[in-house]
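All remarks here apply to the structure that follows.
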Amino acid sequence: MNIIFREIRAHYKGLIGWSAGMLFLVIAGMAKFSAIASGGQQAIQLFKTFPKPVLVIAGINGLDVGTAIGYFGVLYLYILLLATIHAAMIGAEIISKEERDRTSEFLYPKPISRSKIVTEKLIAAIINIIILNLITTVSSILAVSFYAKNFSNNNMILTLMIGLFIMQILFFALGSVLAGVFKNPKLPTVVATAILLVTYIIWVIVDLNSKLDFLKYVTPFKYFDASVIINDGHLDPLYIALSSVIIVIFITTTYIFFNRRDLKV
Amino acid sequence: MNIIETKKLTKYYGKSLGIENVDLTVKEGEIFGFIGPNGAGKSTTIRTLLGLIHPTSGSATIFGRDITKFGPEINEEIGYLPSEVFYYDGMKVIDLIKYSANFYKKDSRVISKRIKELAVYLDLDLKKKIDDLSYGNKKKVGIIQGLLHEPKLIILDEPTGGLDPLMQQRFFDLLRQENKKGVTILFSSHILSEVQKLCDRVAIIKNGKIIRVDKISSLAENTHKRFKLETAVRVDKSRFTGIRGISDLVITDNSVSFLFRGRINEITKIIASLNLTNMLVEEPDLEEIFMHYYV
Amino acid sequence: MNIFWQELRFNRRTTIIWMVAFAFGIFSYMSLYTAFSHDVSQSMKLLQGFPPVVRAVLGIRIESFFTVLGFFGYMLTYLWLIGSIQAMNLGTGILSKEISGKTADFLLSKPISRFKVLTSKLAAALVIIIATNIVFVTASYFSAEVFKTKDFDVTVFALTCLTMLFIQLFFLSLGFLISVLVPKIKSVLAYSLPIVFGFFIIGMLDSVIGAENARYLTPFKYFDVGYIALHSAYEWRFLLTEALVVIVCVVVTYIIFTRRDIQAPV
């Protein structure tokens, strides 16, 4: 419990910053919706004629931006990016920081097993992630209902937020597994965020070019594609299962590697 | 000529005191010890001299030039070795040393030759990555990069940590050789025996203030000496009354022991009149003297 | 010059990765233009009948959007985002790594003034940014030439590409400033990513509050691709704002860095 509290204390300022950014994103984003909605049906007609690349790059492919939920689907992509960057960074950082700050010689000889240290650190990180998710969820529901008066599809927002949470945990697990495997304590954060951006770009490319459809399993952004979720009305169980398997593998690997590894002093 | 001269050098970190009114003079060609407990202000003084931190008030000159105005020029002739050395990730020893060498104006061929000599002398493999070196070997990198340009002044801040006794000996020999060539050395430490071994003069610093500057040899003089006498018969206490400088007097049936500080002639006269079976005068333990200043 | 070359050496690998990523990204994106340009006439007609507010929100200018330049310009915001991260990492890291890596004692006890240390590092960072921009412009021009359907205005193209340099300079200098304001930066990314994304999100806001002045808040709004296409020029007031920010950041960095105490590494 000692480490959990310490890590939460160490991260609370950062968490406040991320939460503020998220609030700003959701509110500013939804404020923009009222401008679009005033364009009304015309806008939707126009979008339907746009070539696919434009829609994909704009993040509105397959989304009806004339509706509140469709528009929120566009915003969802930015929310995903922000939250996953946070998750990947915290996952990588929380494990590797002792070695980076040269405090590993202090912490690891304490009468507590490495597994327990990792567990407590992971719990602290997950608490951070849950808080960010809750703030996103609440602000989204409030902002959408404020800017779209007749909106009543809060279940869809909740569904999207569950998707967001799985994505957060997925990238958090990626960060932690990299921190478990890499010896250089500076690399995990860099590599985790690089992977994140690359998978995002792959997601765009897959949408742009249908020949590359097989790549869709490579990028988690495809697992929780807002347009698909909104059209289906639910998350795809296959992708939930796939994500869960990846998460379990990553976390297990983190423990295995971290326990075996020679710590850098 | 004075190599280092500080006048009322003062450094505050915000409100907390680093050093206050430090007056030091280090003469050319001497090995000057700088001793004091942790947090006394040794590093603060040295870091101010090197221009790493800026004095709050007071001034200092090195080679007769003001440290705040001529920092880079002064550093040209200084070799500095900190207590803990840190270098860039992923660099090889030789890369770091070459990087270091390129900062100095001295002829690069002379420096290269010197690097090789030092590496052989200290038994350090220049091709290794710094990250893979042990603490002691990193220290050797520090020594080489500090001495490669044959500085006129060597500043050492608790430099011996991590060096094994043999290497420490070699390092001290190296410093003595340099000193013979006329190099001045400022050697900070909290380990007394090191200072005693190496230095001519020493300054003692405590709570940011210099409390004594003296020759190592004279530090030992004019201090207490412990006398342990074994006597054939019990000595009467009155024999010692009226003599200044005696303390901690203990008399048993066949022994007398006391601490004495004062004119040695006076006390030997009295001792000569006693019926002794044995006598021991202990040289003052420098450690004890320093403890006296420390606490 | 010693520090200058050493910094180039330190950053060599990272810079090459950024360059390759830029070149590859731009080329792959531009390769989509051919397919894209085929069926746009219908959209053109519809779009022209639209109220300006909708067009503004979407960031699309009818005049330029469907040309090869317009297509390139549309991606530019994202390229800026990526470029900003590179510049911010570089600016934040190049100085702060001496403190966080505890090498400041080593470097600053050398016979070189802090002014020179900083100037060398600034120069190295500048060279890295300029080199990246050369690759960026070359890759962009090459891709545009290969995939164009009609000739394009080279001046407009050059001005559009050069925005990257200005955006990067903004974040480079901001990074410098942050590296001397924050006592100890443990992770460069922990500063660069949130700050860049922060400015990016602020950029989303300006069209919402509608106030033109909001554009001063974020470099992502200093350069309007549509305006450049129309006038073959930048908007001076934003260029000046940028220059002011860069100068202030750099000057303050010099002042703080030359005066600050370098604490003993613990």
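As written, the chain order gives the labels A, B and C, with residue 1 at the start of each chain.
By our rule, a contact is a pair of C-beta atoms (placed from the backbone, for glycine too) under 8 Å apart; a residue touches a chain by one contact, two chains touch by 3 or more.
What you are looking at is a predicted structure, and each value in this text was computed from that prediction instead of being measured.
No other two chains have as many C-beta pairs in contact as A-C. Farthest from subunit C, judged by the mean position of CA atoms in each chain, is B.
As a whole-number value, the distance joining the C-alpha centres of subunit A and subunit B reads 57 Å.
Separating the centre of subunit B from that of subunit C, both taken as means of CA atoms, is a distance of 52 Å.
Once the centre of each chain is set as its mean CA position, subunit A and subunit C turn out to be 25 Å apart. The set of subunit A residues that touch two or more partner chains comprises 186.
The multi-chain contact residues of subunit B, meaning those touching 2 or more other chains, are 89. Here subunit B touches subunit C in the complex through residues 13, 43, 47, 50-54, 71-76, 78, 80, 82, 84-89, 99-100, 102-105, 145, going by the rule given at the top. Subunit C makes touch with subunit B in their complex at residues 2, 6, 10, 101-106, 108-113, 116, 259, 261-265.
Contact residues on subunit C toward subunit A in their complex (touch as defined above): 25, 28, 32, 35-36, 38-40, 42-43, 46-47, 49-51, 53-54, 57-58, 74-75, 78, 82, 186-187, 189-190, 193-194, 197-198, 201-202, 204-205, 207-209.
By the touch criterion stated above, subunit A contacts subunit C in their complex at residues 14, 17-18, 21, 24-25, 28-29, 31-32, 35-36, 38-39, 42-43, 45-46, 49-51, 53-54, 57-58, 78, 81-82, 85, 89, 93, 97, 100-101, 186, 189-190, 193, 197, 201, 205, 208-209.
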